[in-house]
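Following: one structure in structure tokens, then a few remarks.
Letters A, B, C and D mark the chains in the order given here, with residues in each chain numbered from 1 onward.
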Amino acid sequence: MPWSLLYENLEQTVAVILFGIGFSILLLQRNLIRKIIGLNIMDTAVYLFLASMGYISGRKAPIVVDGVTEVTAYINPIPAGLVLTGIVVSVSFTAIMLALTVRLYRRYHTLDIDEIAMLARGEDA
Amino acid sequence: MTLVHNFPFFSILLCMAAGIFTSVFKARVSKILTLMVVGTVLVLSALTLRLTLQLEDAYPFIMGHFPAPWGNEIRIGRLEALMATGFSAVMFISLIAGFRHAESFVSEQKFNLYCIMVDLALAAVLVLIFTNDLFTVYVFIEIMTIASCALVVVRQNGHTLVAITRYMIMHLFGSGLLLMGIAMLYGITGHLLMVPLKEAVQQIVETGNHLGPLTVVIALITAGLAIKSAMFPFHGWAPDTYAFAPPVSAAILSGIISKAYIFVLIKFFYRVIGLEVIISQQITQFLFVCGVAGMIIGSIMAISQRDIRRMIAYSSVAQIGYIYMGLGIGTRAGVEAALFQMLVHAAVKSLLFLSTYELINVSGDRKRFHYLHGAGYRNVPAGIVFTLAAMSMVGIPFTGGFIVKLNLAISGIAIGGWVRVMVLLALALSTLLNSVYFLHTVVSIYRKPAEDHIYPETPKMPAYAGVTLFVSMLLVVYLGIGSEPILRVIETGLKTFS
Amino acid sequence: MEGLLLLIAILLPAVGSLLVMFLPWVNENRNNRCIFVGAVMVLECIVVLLVALSGEQTLVLFEMTKDLPIALRSDGTSRVFSAVMALMWTISGFYSFGYMKHEQNEKSYYAFYLMTLASLIALTLSGTMVTMYLFFEMMTFISMPMVLHSRSKEAVAAGIKYLIYSVAGATMGLLGIFMLTPNISSTFFVAGGSLMTDQLTLPLAAMQAVILITLIGFGTKAGMFPMHGWLPTAHPVAPSPASAVLSGVITKAGVLCIFRMIFYVVGPDFIRGTWVQWTLLACATITVFMGSMLALREKQIKKRLAYSSVSQVSYVLCGVFILDTMALEGAFLQIVFHALTKDALFLCAGAIILKAGISRVDEMQNLGKRMPWTMWMFTICAISLVGIPPLGGFIAKWHIAEGALTSGTQVFSWLVPTVLLVSAMLTAGYLLPPSVSAFFGGMAQTESPAIREDAKDPGLLMLVPIGILTLAIIILGAFPSIMIENFDNVINTLLKGAL
Amino acid sequence: MILALAVALPIVAGALLPAFRFEKARRDLYMMTSAVLASTLTFYALIADQPAINIISLNHFLDITLKLDDLGKVFAGIIALLWPVSLLYATDYMKGHGKQTSFFSFFLMSYGVTLGIAMSGNLLTLYVFYEIMSLSTLPLVMHGGSAKSIKAGLKYLYYSLGGSAFAFIGLVYLVYYGGTTEFVPGGLFQGVSLTHSAQLRLGYVLCFLGFSVKAAVFPVHGWLPEAAVAPTPVTALLHAVAVVKSGVFAILRVTYFSFGVTMLRDSYAQYVPLALSAFTIVYGCTMALKEKHLKRRLAYSTISNLSYIIFGAMLLTPHGLAAGLMHLVFHALMKITLFLITGVLNERAHIYDVGEMRGIGRQLPLLAALFTLGSLAMTGLPPLIGFISKWYLAGAAAQVGGTLPILGIVALLISALLTGIYLMVPAVTMYTRPSKLAAWQPVETNFSVLLAGLSALILALSLYSAPLLNFLNNTARGAV
């Protein structure tokens, strides 16, 4: 694969790198907050990827109505919609995760997921 | 277009609307409302099924004003209608028999919130069954994930919290993969609706352009859905989540929601990529191996459990393995068997979770096997239901499990070669292992309890719960005896599924 | 009805046995019982002699299945054997009346004594292999209680050993029956054999091996090496009259079965000159020699006699396996004389054990003075057994040796006579010293201290039977030709193919 | 209809038993009535041929069908004869045991299920009843409730279900290649030029191994001796006759009526079963010899004897099958008698080990005599029935010839010898002086009458078995 492909599709490249970073944080970090941050980075990477896919240079956003007569003048709204939805989803997920984290911290006074699992094992199921 | 044509759309709307309204109701009202909604969805789905059986082919239902490829539409065929009917039936049964257990975990004021989540989960399941659009798929998968998270986490318990954290992490990861896959697919085809997508994919395959990215797409989406449906070896989150969730939630999660993901996967295979492409990409072989491994290892793990709920949860991993093995066989017959197993397992697993909880209940809320001795006598209906469900798991004739095994075996034997050997051996071994842990449990609940175990008096199981359990037991038996028409629906439905 | 006599010969003692067991008149009073048993046995002798004197008769008892008849037939061989057995049995039976006074459980003893007789007679009269196998097994089971009679731990162990060996032997025999059945042309015994040698279902070598195993199996009852181990354990634990018949008569049942298999099923030609014959001869000669050696080392009287039986019965087998007219005559003679002699010897031993209270040969010094009659008869029998002319034993052995020398059985034609000779010396070595020490005191001048104070000759009830036997030895030894003629008739039919 | 009734009657009667809450006398009457009624129906069906009856269709190629052909008649006849007898025995035997209602409920149900196996018209039906039998007899094995019996029960269960999992593979092979599971004399594949015979043979061997679990063939026999902890009526009837012979019966069915002899003959699909059964014959006897516990000894003896039947059947000739069937019938009679006597000894004299049997001959002369008779018959003393079947087995094997059949004959003989030892030695010790006086309880006349009846039947068959043998021969000829 020629290197030129990488910088010609700069957004995609960055997205993939970001995804990798987020992914590794999610998997490797034991701290719950960091995991959540990793998750967010990962999501962001996906949105970047999507947005860059959906953008066609020279076209307009589909909300501009003035003087547009043809469908081809717009960029496709779907990727943008997907990104927007994704952001909403990610926000809500983050919220839930943080809420869970608060719960867990109140209960076990640590954020280390392995430690928590260990402590929980001692409890009655 | 008759009224019935609109029913799937109605039922989706009904669930979502009910979700919204329930937020202002009191616990009791919201409970009744939810039951009514689910019941109505069941009836509507059954009517839809009847309609689709009269129709030759599936019909699209356009939501909004734009036709494809811009607008959003759902597709209603026999298979979809069957799944919707089956899942809503299982949900209805689970709710009737198990709602009262959820009450013990959720405070009175917040119970309506629980009901919202149930409504949303059902809505998401229905949408995933009917949708024709990958975008919608993504959105509702997320909704389903959140809803099911909430269903589990109503139980305020260290174990549950830890389990749900794991669950969330794995599911978010899976969502990420899925979204990435959808994005890339859009990147190489420019579509998100399934019908044009398939044409585009066929073009890609024919021209050979972008074949590499297509493989990545398939891998990403398959992996994402596999994680979410707890396929071995991505099952790590599942046992704890199922085991420590309230019984209704466990029944819904394990019985219905995990199946919805798999149904999406089947849809993706058939309606987006095309089975031939999938097979040529050797994804099916990967699924097959994972399925077989899951059947065996899930069962072995289940044997080593001391907590009955974890045992049943691990058995879910094994049963999901059956489904993936069916998919992995890669023939239409294999997928048919897998689809049938989805229905059977949905029915049986929810029965198992519910009856187990009744048994635990009469054993002083203790879950270890040796405390469960004699539970079958303390709650006779639950004991009988559990026994029958266990038999279905083992695959005793006259239960659904037998037909599943039979169809899987026949579809495996038709392949020949090592697949045949693997399928037959895996089935035999899995039967043996299943009998080891399930029938061991059955024996346990009918054993004489130890002298020093004192079982506190517990309120009797209400009659309606017993009746419901019995009815669903009949359902399992029906799946074993009257499987022919159902399989026929699956077969014809799958034919029109591309 | 033809063959009714055969049935009577079997049913008479069988019914008698049941009556002994269950009829109150018989089993409550000792005298009544003795009279009854005696009467049954005498009657039985008469019936058997009638059978022996009348011509060949056949009786199909019933058919288990259409190709499995249970049938009786009185041919030459069975007439000889049945007559010998019935007579021996009766004589020992009379002796028991005296002897068993001192033992417990007389009732069951007599019942099984008669029952065993029934099974023996049935065995001799068997007309087919399966019938023979049936009565062979039955004889084992029915004679068990006689071995077990004292119910002591030792007796039980011996009984079980007896059982195991016998069943094992019978099983080996059964193998032959199984494998031979498809290959024979007649279910019934046919003199000269009915093996269809040209269309065997088995390879020749396998067939020969099967036959060898079969014969060794039946040889168990005859105490033939390598299945001889039970005999010295089982015979001595039984009451003396029982061990007399076990040793003198029942061992002949084994001989009979071997006889039947060789001459009536397989045919002597099939094994003549083959490795089967050599192996069998080797076994028999080894047994002859080994039995004598073991007897020499044994100090217990009854055990010594039992080992002697091992040796002596194999004389018969030597005679049979040589497959020659002369040797067969010898074998028949040996059957008769050994039965007489060994019977008498055991009965004497019983008398000694009972009256003098000793059971070892080295305690018999000067016993001759206390029990002259017993010891005299013991000595005569011993001489006959050793084979000193003109007594019966000599004639039998002479015939066997002569047959062997002229038979052309390679190395065995001189080995057999040699071993017989050596064995005769050994026999002299183990049987004569007791007599000598009994009459001449051996080393000691005084009576052995082990002899009971009141040792004396037993009563007439015991002496007369011994006397009859001794007399028979002397008379038959003097005039063997009466028997030889009869035997020749039988033998000629058996060997007609060869000669 | 008669067939369906005969199967359903005991099942329904058994299932309803707990609902009635009878007192003992009425319960016994109820059970005996239903059992005898079912037997009567079965006997009627034996005499007057009944049409096949289709109970239910699982799908277009799998039906649950009841049909009584000659082979089925053999098995159904034994079952219908022995079940009421054992039930009668059990009513007395279980006196003083706990949980009688559940025991008898399952005992009756098992009757119907076993009849179902005998009357199966196709492999699926057989498989269904076979599985149900595993489950319905499980509570009977575990009836004692002790940890030991639970363990034995679970072992039984795992073995059985594992076995049927493999039998299931055979079923699938049949469905796939044959299109149906119907039992057809001569098999489904006769007259068809087979391109799949290699696969089919594999399927057959797996199926054989599966069914051989219940038939207790060597590597998968382990459950049977353990299961001897069950109450004696169960051990006697189920583990000497019904359950184990169902395994054998199933093997006969798949061999002769599904896969067919032509395909199996002279291939590893014949040799493997032959070798296994020949080995089991010797192995079972050897283990029996080692075993001191009387019931376990008899259980090992059963293992050996079941393989006689399989050995005969796997010769794949009419003679072999006929001989196997004879042993099927005869062994059932002999073994049940021995077990039932043992049960009386266990219950009334608390004698469990072979070594404790001294002196029975005096205390219970009748039982001792019957035990001796049974032992003699088992040993194969002519003209008793044990000899007849062995005779024909050996004859059939000799007729086939070849290494394995001949080895089989040797195995038969070794087994006959060992049987002679492990059964005759106890029989002999019964007549010796007791070492200690056991605490005897009186033995009910019922027992004696029953056992004497069974023994009389053995004797009668020994003396006159021609019609039965003819029937079995015809059956065998029809099947090949």
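Assorted remarks:
The rule we apply is simple: a contact is a pair of C-beta atoms (placed from the backbone, for glycine too) under 8 Å apart; a residue touches a chain by one contact, two chains touch by 3 or more.
These figures come from a predicted structure and were not determined experimentally.
Farthest from chain A, judged by the mean position of CA atoms in each chain, is C. Chain centroids computed from C-alpha atoms place D closest to the centre of all protein C-alpha atoms shown. Chain centres here are Cα means. That of chain B falls 43 Å from that of chain D.
For the pair chain B and chain C, the distance between mean C-alpha positions equals 84 Å. Taking each chain's centre as the average of its CA atoms, chain A and chain D sit 67 Å apart. The mean-CA centres of chain A and chain B are about 27 angstrom from one another, to the nearest whole unit.
A linear topology is adopted by the chain contact network, the touching chains following one after another without closure. The complete set of chain-chain contacts reads A-B, B-D, C-D. By the touch criterion given at the top, residues 376, 379-383, 387-388, 391-392, 394-395, 398-399, 401, 406, 409-410, 412-414, 416-417, 420-421, 424-425, 428-429, 431-433, 462-466, 469 of chain D touch chain C in their complex. For chain B in complex with chain A, the residues that touch the partner chain are 135, 138-139, 142, 146, 149-150, 153, 157-159, 161-162, 164-166, 168-169, 172-173, 175-176, 179-180, 182-184, 186-187, 190, 192, 243-244, 307, 309, 367.
On the chain D side of its complex with chain B, the touching residues are 56-60, 62, 124, 127-128, 131-132, 135, 138-139, 142, 145, 150, 153-154, 157-158, 161-162, 164-166, 168-169, 171-173, 175-176, 199, 206. If you check the complex, the residues on chain B that touch chain D are 391, 394-398, 403, 405-406, 409-410, 413-414, 416, 424, 427-429, 431-432, 435-436, 439-440, 443, 446-448, 480-481, 483-484, 487.
Residues 19, 22-23, 26-27, 32, 35, 39, 42-43, 46, 49-50, 53-54, 76, 78-79, 81-82, 85-86, 89, 92-93, 96-97, 100-101, 103-104, 107-108, 113, 116-117, 119-120, 123, 125 of chain A are the ones touching chain B in the complex.
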